[in-house]
Structure formats: structure tokens, C-alpha cells
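What follows is a pair of complexes built around chain A, which joins chain B in one and chain C in the other.
After this line comes the complex of A and B, so read on.
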């Protein structure tokens, strides 16, 4: 078999991936962009409306910027705490003072692998106004006279979501920091100790700067992941609903409506406006792209 | 060298196989449907082919007036567990019709319908429709008119209030399955203590309208030192008042403001009187309230004793059922509709007709714990007789299906009602936590929410 007759071989080997990508990657991307330019309920025909769905995103009724703001708030509050907590635990686990390292690594990582639906429902039960464990404890300890309406007030509902996200996410940052710590050369630590540097000084001046690439990676992936937040707040705030009862979308005053939840509700939930839903998805895509771009620049700057 | 050559051949065959599989999977939309059809080996749509061999015929089928010529398999989307007695009775009558259940959660039915339609997929032959999703599904305009050819549903066999509720533009698009008339259940010892009687008929004489009810509630609150409430949740009150509204909330896209304002005003009155506890419906606390002694009344649809009160209150003979002030109302319940173009609509219709519109079906379903909307069955007191341990010896069947049913009405709903339901849940939550939130603010909030969901709605 000569070379000319074997030209098809690379194409043949690449084609399964390319076809998969065209069918399940590129086509949905292009099609959903086309849908975002139409008014469509999935049943009747599509009516081309140009950019009016994108224009609608600037209307307060679309809740687009409110949902982006909520999502940013959750990311801005939870990510630093998750990182700090992850770093502290990773440092402790990496130190020589902690026994049973594998066990504690597993225990701290477990919340991250709990399915988001279960997390939402679990916190819903914990923070239930009347029957929740948290209120029972607070009342029992005499800290409050009657249970706090955690999920009924905007501020407390947000606090619960932040707590939930921190609990779920710190294990993820811990694992990355553990890997980062393993890559910090031991001789640098030893040299600093010989020079008389305290443990805190070593951590601050050697460990932390060398963990910068890991930190940048966590920030970028954390922001992207944070923008995709949906199941946890949705289940937390609507999970108790059964039968014909209608849940309040986005929690009290839509304080916890995330961008993806807004998209889901617009396209598949209380309304079926696929066009607006697709426009929200593209709006979110632009925001994620901007943050990823900025993050990548920072990451690149660090590497250099 | 030979080995290399062989390896290349194997790799090439592998790649071709993978590609063929991928292409087959991508083009599988149409053929998948055909595969499904073949499994039933059914004759073409609408046929009652006489040529169908009556293999191993079941004499029971012929005796019970069945039709063995109807043959094939129909597909139903449902979340409901199988009703074994009803299915066995149906199979006896139609031994050659098979049912294929596809499990779809009640709340997912509209979504699944929409995505199936949008992707050009195949719809089932029957859809079970939960009341909360009814308006949305009806609005899709995908259901057959069951009062027209070839179905010719006999609407006289249903209750009068069913017809407007399951019709769109004068076309009957679904047949209600399980009864969902609702009354008012109450805890007898509490009623005796605060109202001097626990007899349902005497209670009905005391509570002539909601104003009297609110006044009595204030007395209870005072006597109990603020510990005993009339209802556990404002959501319960809303369900009742909404169910009793004199007219539809919407006439097309026009909101009937006076009707809505009437309901909201009464809700505010209930809230201001302090006679309703602040529990959220369907929460553990709300469920637990049925086993306690802090809440006298609760709305009670037909399914409430079996599915809510029973599991949450293990004490027997503690409850009684009465006609609410203002009469009975509808709460929950499900219906069946046939999508336009269903391949086995004829078979699907036989299932609906048998289970929801025949005496045999009504009796079989009753054995499975379901009361159907087949009206003639309720002429027989033996059929309506139904007791439940929590309600002691009270014939709640008679109370539900005779006394409450006689005062029940139902209103048609459209897609705008689903938006209003969502707006009302926000209003209810705010009413419960903010005592300064009044009728005016509630109406403003509803207007804002409705405008955001559907700009076409007019006031």
C-alpha cells in the first residue's frame, strides 16, 4: 500500500470525533444562536425577530442583569472563603502534625462529590423555617425566640446559599492546593528554616507565591463553575414543593435567581420562550468568556 | 509486516464500524419510532381489523362485551403507579390491547412534550395531565377533541363542572380520571372544644360563610391564648378561595381584576385576623400539623385522607369532613388526553373510555383506590360508600360525592393562570411574613409579575 492510497486513513481516524463534535457540539451552538434570533415556543413555527431577544435582556422584566448580579455575588463571596479554607486544610494535611491524612482528605473532599440535588434538599431540610434542625438548635440554645425564616428573607436565603456553596466547594480547592504543595521544592523550605525564618514566614514568602498558578487556576475554574450555578439554589428554594404547589422562582424577591436558573425558567420552566432562553445563554456565554479571558491573561502573566 | 497489515485492517474495520454506528445513531429518530411500532405488530391507525387472528381467545373478553379485534400496543406517559385491578379488567375486556407505560414525572410532562415536538420526535398515544400542568398543556393545542369523531365521548357521563374545566374553545380535550372534589376536614376534639359540636352537618350550619368563619377563628385564637389556628397555611386558604372563585381569572388575555381582587382581599382578611399559621405547604412542619392539635381545619380533596392525613396522623376517628363555606371546589386531580396524530389513538381511547367513562372501570379503579368522574356510578349509594380510619365511621364517600359534589363548580383556565399561580405564591409568601403588605401592594406585585411573564396580559 503506497502513501497516496493511504491518504484517507487520518481522516477516517479523525472522523468519529469530528462527526460527534459537529452533531453534538457545533450544531447545537449554531442552532441555539439561530433560536436566539427567533420567537419560538417549540410547538409553532419560529418567527425571526432579529436582536430583540438580546434587547429584552436589558429590560428589568427579564431579570437578566439581576441574575448575573446574584451569581457574581455568590462567586465573589464563596470563592475566596472556599480558597482560604481549602488552603488552610491542605496546609494542615500536608504538615507533619496531622495523622491519617488520607482519611481527612477523603472526609473533606466528600461534600464536593455529593450530588447537587441532594445538597439542595439537605440544606432545605436543615434551614426549614418550622422544622429545620438549625432553628431547633437556635431556639433550644435560647439564641432566638422563634425560628428564623431562613429561606423566606432575601438576606438569610443568600447566607444559606453561600454556606451551602462553601461547604460543597472547599474540598475541591483543598485537593488542588494539596497537589500544589507537593510541587513546592522542600529544599527552599529547609534553606529558609536554616536562615531562621518562622513557619508563618516560610508559608507567606515561599509557599504562597509558589502556589500562585494553582490559585489562578482555581479562580478561573471557580468563576466558570460559579456562573453555571443552578441545581443547589433551585432545589434549596423549591425542593419542598410537591403536588400542584407552585414554588417561588429565584427565592424571595428573586434574590437567589442565578443566570442559568433564569435561562432554565424562561425556556423550560414557567414560560417556554426558547428564543429569550437562548439569548440569556449567549449573554451568559459572553460574560463567562470575558472572565475567562481576563483570568487567562492573569494566569499567563503569572507563568511568565 | 503481515502482522502490521492485519492490524491496519482491524483498525480500518473498527473505524468504519464506529462511523456506521454514529451515523445510524444520528439518523435514528425516524427508525426508532418504527421499531417501537413494530413491537406491537398493530394494524394501521383506526383499524379494528377483522383479519386479526383471535389467538388463544379469552372467553372472558367476549363475555364482558370486549373486542378482541382491537389489537396492538399504545404508549402512555404517566407518573401514576399502575392500577392493577383496572388494568386486569381492561385486559379482560380487550385482551389484545397492550399498554406501554413510560414514566414521566407530573411536572416534566409539558417540558417533555415541548422538547419532543421541537425535535420532531414521536408523541405517545395518551398523556396523563396533572391539574397544575393542565393549562400549559391545553395551551399547546396538541390534544384531540374527544367529544368529536371518532371518539364521541359522552359528556353526560361526566359531572357538569368537568366540561368547562376540560374543554378548550368548546372542545373536550381531556377526560378527568381521579376525583378531586374538595371539602373541609377538621379535627373533631378541637371542633367540639371550640364550637361545641363535631357533627359535620351542625358545623355546616355554623359556618355559613367566610366572614363567620373568620370571626369564629378570632374567638378560637382568643380562647386558646393564640395557640390554636383555623388553618396551617395561607396557601391552603388560597387553594380554597381560588377554587371557589365565581368566574375565571382570565378571559383570554384579559385579567378579571374584580375576581382576583376579591380573593386577595379575603386572603388579607384571613392574614390580618391572625387565624392562619405561617407554615409553608408541603413542608415537614405542614405535614406534621395533621398529627397535632394546633390547626383545626385543612382543605381536603378526595386524595387528602389517603395520601396526606393518613400518613401523618396515626390516630383513628379524629377527623370529620364537611362542606366548606361557599361550597365544594376542585383541588388537584389528573386527566388523560390524546395527542393529535397519535398512532394508536383508537386503542388509547379504549383505555380512557374503559377506565374513566364506564361502570366497570369505575368499580375496578375504586378497588385500586381511585374514584373516577363517571357520574352514573355515584347514583348507587353502595358505590359512594367510603370510610377511612382517620374519619372513623363517617361515610366520607357520601360527603364528597353527594354533598360536596352538589355544591362544586370549576372554572376553565388558560396559560395565564400558570403565571398567576407563580405570582400568587410570591404574594402568599410576602403576606405571611409582612403584616403591612395589603391588597393594593399585592395587586401591584401581581401586575408586575404578570407583565414580566406575559406582556400580552391586559387589566
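After this line comes the complex of A and C, so read on.
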């Protein structure tokens, strides 16, 4: 009797998770796939259209691959810089040379905690054409005659986004490298130093290889997270007037349209094409899966 | 001698990089203390005197309501998520059942799925259930949290001694009693960490409220600060102050709990 009744115990403890996951996690995912096979604006009836929404993703009008390219560009440019900066700071903080470690760690981690929406708005203010701090300083120093229209030109808008993402993200890589450094055995370093290896050499030949698992983790999560980029560019380029003013979707020439932004705009913004929106979400998921898989493979092949 | 030089140089280098992190915050705070006209005409570097006037402008909008909504959403998400995760973690860590490892592997797999995958259908689901006039749609997705289950399972496995559970069972303690009286006291650190993470994730969430919330009474902080431009169309100083008020308090809260927070964030990365 006792053991028979006990058999139900783990299932009882598991059930809240399972129920909530099925209802609000798995069901929307499965149902989204069905929606992606239909043409539906949410009000009228659904029409089954097969794979034509997915075909439409290859049409330049859908901006799908353009948005994937933009997002990929941002990840490819910012992630290496974030990692280099994070590693340098983590190494300095971990060395015995720096005072007030906790304080500096905290300060450099703060940008990561800020609400992403606020990050976009802050940089919108900093790089504003008229009232922006950056333009004022540049003019004051005599570097330019009049303010640069940062957010109005594709190239400069992208530069601002890259700067913003680096600013937000290097503290994140820093804490991961700090955690990794704490796991590197200290006696290895000491042995190498006794053998006369320079600090730089120790770092290059011992520390860096031992940090490989952390690096792999950062690259993979960085790609997954990077592909979900939305709020920062959106608020940077549309500002605090969201909703009422005629917002430019994706910035000048859609140069900064990210994939999730594209999905939002297609399904819930300029148009309400739920089917195409769901297809974009699935397309994004496939691309993320491919990149994670390739990343994991490269990492695995490298370590063998 | 060279040690002292190194120390100074390293600390100085870090300090310079830290300035890069801090300057945007500083400018944001400073801008909120000036008259709107001043922001357009000169560089502001030290605090101005117009803070109280700007505060009055901001207070005239319903900023308190934004905070209340965000607090409701984040506290409810956190409490539910932590409780449900701890329950599942207890099952995975301290019980045996059929297909346990497969189910656990599946939970880990769902961690890799981007949150936007089901969002289109989730919105439709919420509309069908007629929940869009409430804050519930912003809470429900956090309840079943794969990371939370992973985190709790790992922690309960290592922190809760099985012998204690066994002897309590022999003494006739019910499984629910075990969970609340024997497991919870051991896992406070894990609860703190997970709470901080879920709180911040739900607090920062923007896409879901943007799509689902359709009336200003239900706006959360991220939605609120993006509509500041509508509230004070011509008053940039008030907008900036609103942004500061919407950002800084939570930032300070998290600065206090950052150690525990970082521990959760970096969990699992070291072992690879």
C-alpha cells in the first residue's frame, strides 16, 4: 500500500511544471507551426496554404534574409570585441594587481542588467542629432562643424548599434571569464612561473586553453541571444515616441532590422500576417539551430 | 617598486574601462536635472537645479502605476516559477520514476528553444482565453521555466542529504511535509538566485507586453518608458527623468544582489 501510493509522488511534484509547459510552452509552439502553414490575419478565417509562407521568406519583400544578415553582422562584429574586452578585464580583475575588485566587477556588469528598452533609449539620447551628448562634444572639440546625423544614415546607425551592444555585453562575458578563471588551478601557474615563463606566456599557453569550455559557452549563448536581438535597435531607432509617430521600421533602408523585429512587424506591427510571422519564427529557430550545431561541432573537432 | 607600478597601472586601466560603462548612466541622470531648453543648447556635465520641477512633471503621469504593474508581474512570475521549479527539481533529484532521465533531457533541450518561437500562437491563445485585459499573459510563460528546473535539480541533488529525507519518511512525514519542511530550508541560496534571475527576466520583458497589453492601465515599466515620448512630447528632460526613474531603482536592487545573481547566470558554463 505504502510503496504503491508512493509511486505517484514524483509525478505529483512534476505535474505543475508539465501542465504549465504543455499549456503555455509546447502548445503555442506546435500551434505556431500550424499557423505558419496558413494565411491568417487573426480576424477572418484561416486558409491552409502549405509551405507558401516559407517560400515567401525567400522573397526579398519579406526582408527575412536581409534581417538575418543584419542580425548576423551585429553578432559577428560585437561578439569578438565583447569577448576580448571581457577577457582582458576578467584577467586584470583576477590578477593580484587590481584593487576594489568587487566594485569594478559590479560597475562593468551593470549595463547587462539594465532593461534592454532603456539601453536603446539611452543611446537614442546620446546620439540624438540635436540634443545628443556625442554630437555636442564633437562640435565643441571642433572635430565636426555640425552634428552628425548618426541614426539617419545606414552606416552610422549600424556603428551606434555595434557600440551599444558592446557596451551592454562585455560585462556579461566578463563574469563568465571570471567564473572560468576561478576554476583554473593556481599551482599550474605557479609551476610555469617557477620555470621562468613570462606572465603573458602563461596566459597564452595555459590560461587561455583552459578557458575553452567557457569560450565555447559564450560563443553559443552569444549567437542564440544575439539572434533574438530586438529592443535595443528598435528603441534606438524609433525613440520614446513609439506607437504614435510614424516609426521607421528597421532604421534607414532597414539596415538595422533584426529578425525578431521583422517577425514582430509582420505579425503585429505594420501588417497582421500571423502565418508569415510564425514562419519567420520557425525560420529563425532553424537558423539558430544550424549555427549552434556548427558551433558545437567546431568546438568539439577542435578539442580532439 | 615594480609591483606598485603594476598595481596602479592595472587599477587605472580598469577604472578607465569602467568609465565607459558608467558614462551613459551618468549622462542620463544629469540630463534629468536640467530645463528642457538647456539640453538643446549646451553640454551638461554637472547636476542642474531643475530636478524637482521635472519630478513634478513626471509625477503628473501615472508612473506609480507602471511600477505597481511591473511589481505584480515580476513577483507573481518569480514566486510561481520558483515554487514549480523546486517541485520538479525535488522529483528529479530525490525520486525514482520511469523515463526520468529522458524527461530531464527533454527539459534541458527546451532550454535551447528561443522564446519567440511560439509567440504568435501564444498571443492568439491568450486572446481566445480572453486574458488580454489582465496581467496574467505576462506571468504564465515564466511558470514552467526549464532553467529553473535544471538549477533546482542540481542544487537539491547536492545540498539536500538523502538520509535526512529517509529518516523523516520513516518517522511518518508526508512527502508534502518533506518538501516544505526538509527540502526548502536547505535550498535558500538556490531560491534567492533563481528569484533574482526570473524577477529580472520578467521585469525586462518587452515584446510580450508590447503585443498583448492594450490599455495604458496595464502598462509595465518597459512599455511605460517607451511611451514617455507621448506623455511629454516636447519635454525631453522629463522623458529622461522618467527613463532614469524606470531604470535606476531596479539597477540598485540588483547591484546589491549581484553576487548571487552572477552565480546563477554562470552556472553550468564552467563544466562546459
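Just so we're on the same page, the second predicted complex is superposed on the first by the 284 of 304 C-alpha atoms of A that agree within 3 Å, B and C clash if a C-alpha of one lies under 4 Å from a C-alpha of the other, contacts with A are read in each partner's own complex, and residues count from 1 in each chain.
We adopt the following convention: a contact is a pair of C-beta atoms (placed from the backbone, for glycine too) under 8 Å apart; a residue touches a chain by one contact, two chains touch by 3 or more.
Here the structure is a predicted model, which means the values were calculated and not measured.
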What is the contact status of A:97 with respect to chain B (first) and chain C (second): first, second, both, or neither?
-> second
Which of chain B and chain C A:131 touches, first, second, both or neither | both
Tell me which partner A:63 touches in the superposition: chain B (first), chain C (second), both or neither.
-> first
Mind working out whether A:271 is in touch with chain B, chain C, both or neither, as first, second, both or neither?
-> first
First, second, both or neither for A:171, with chain B first and chain C second | second
With the two complexes superposed on chain A, say which partner A:230 touches: chain B (first), chain C (second), both, or neither.
-> second
For A:42, is the partner it touches chain B (first), chain C (second), both, or none of the two (neither)?
-> both
Could you say whether A:153 touches chain B, chain C, both of them, or neither, answering first, second, both or neither?
-> first
When both complexes are superposed, which of chain B and chain C contacts more residues belonging to chain A?
-> C
Name the contact category of A:123: first (chain B only), second (chain C only), both, or neither.
-> second
Intersected contact list for chain A, partners chain B and chain C 9, 12-13, 16, 20, 23, 42, 125, 130-131, 240-245, 268, 274
Show which residues of chain A lie in contact with chain C when the two form their complex.
-> 6-7, 9-14, 16-18, 20-21, 23-25, 27-32, 34-35, 42, 85, 89, 92-93, 95, 97-100, 104, 106-111, 113-118, 121-123, 125-126, 130-131, 133, 136-137, 140, 167, 171-172, 175-176, 179-180, 183, 212-214, 216-218, 224, 227-228, 230-231, 235, 239-245, 260, 263-264, 267-268, 274, 277-278, 281-282, 284-285, 288, 292
Footprint of chain A on chain B - complex, ascending | 8, 11-12, 15-16, 18-19, 22-23, 26, 110-111, 114-115, 117-118, 130-132, 140-142, 235, 278-286, 288, 331-332, 418-419, 421-422, 424-426, 429-430, 432-433, 451-455
Within their complex, chain A touches chain B through residues 1, 9, 12-13, 15-16, 19-20, 23, 40-43, 61-63, 125, 128-131, 149, 152-153, 240-249, 252, 268, 270-272, 274
Within the complex, which stretch of chain C touches chain A?
-> 6-7, 9-11, 13-15, 17-18, 20-22, 24-25, 27-28, 31, 39-40, 42-43, 83-85, 87-88, 90-92, 95-97, 100, 103, 110, 112-125, 127, 140-141, 143-144, 149, 175, 179, 200, 203-204, 206-207, 210-211, 221-222, 225-230, 233, 236, 239-240, 243, 246-247, 250-251, 254-255, 258, 262, 265-266, 268-272
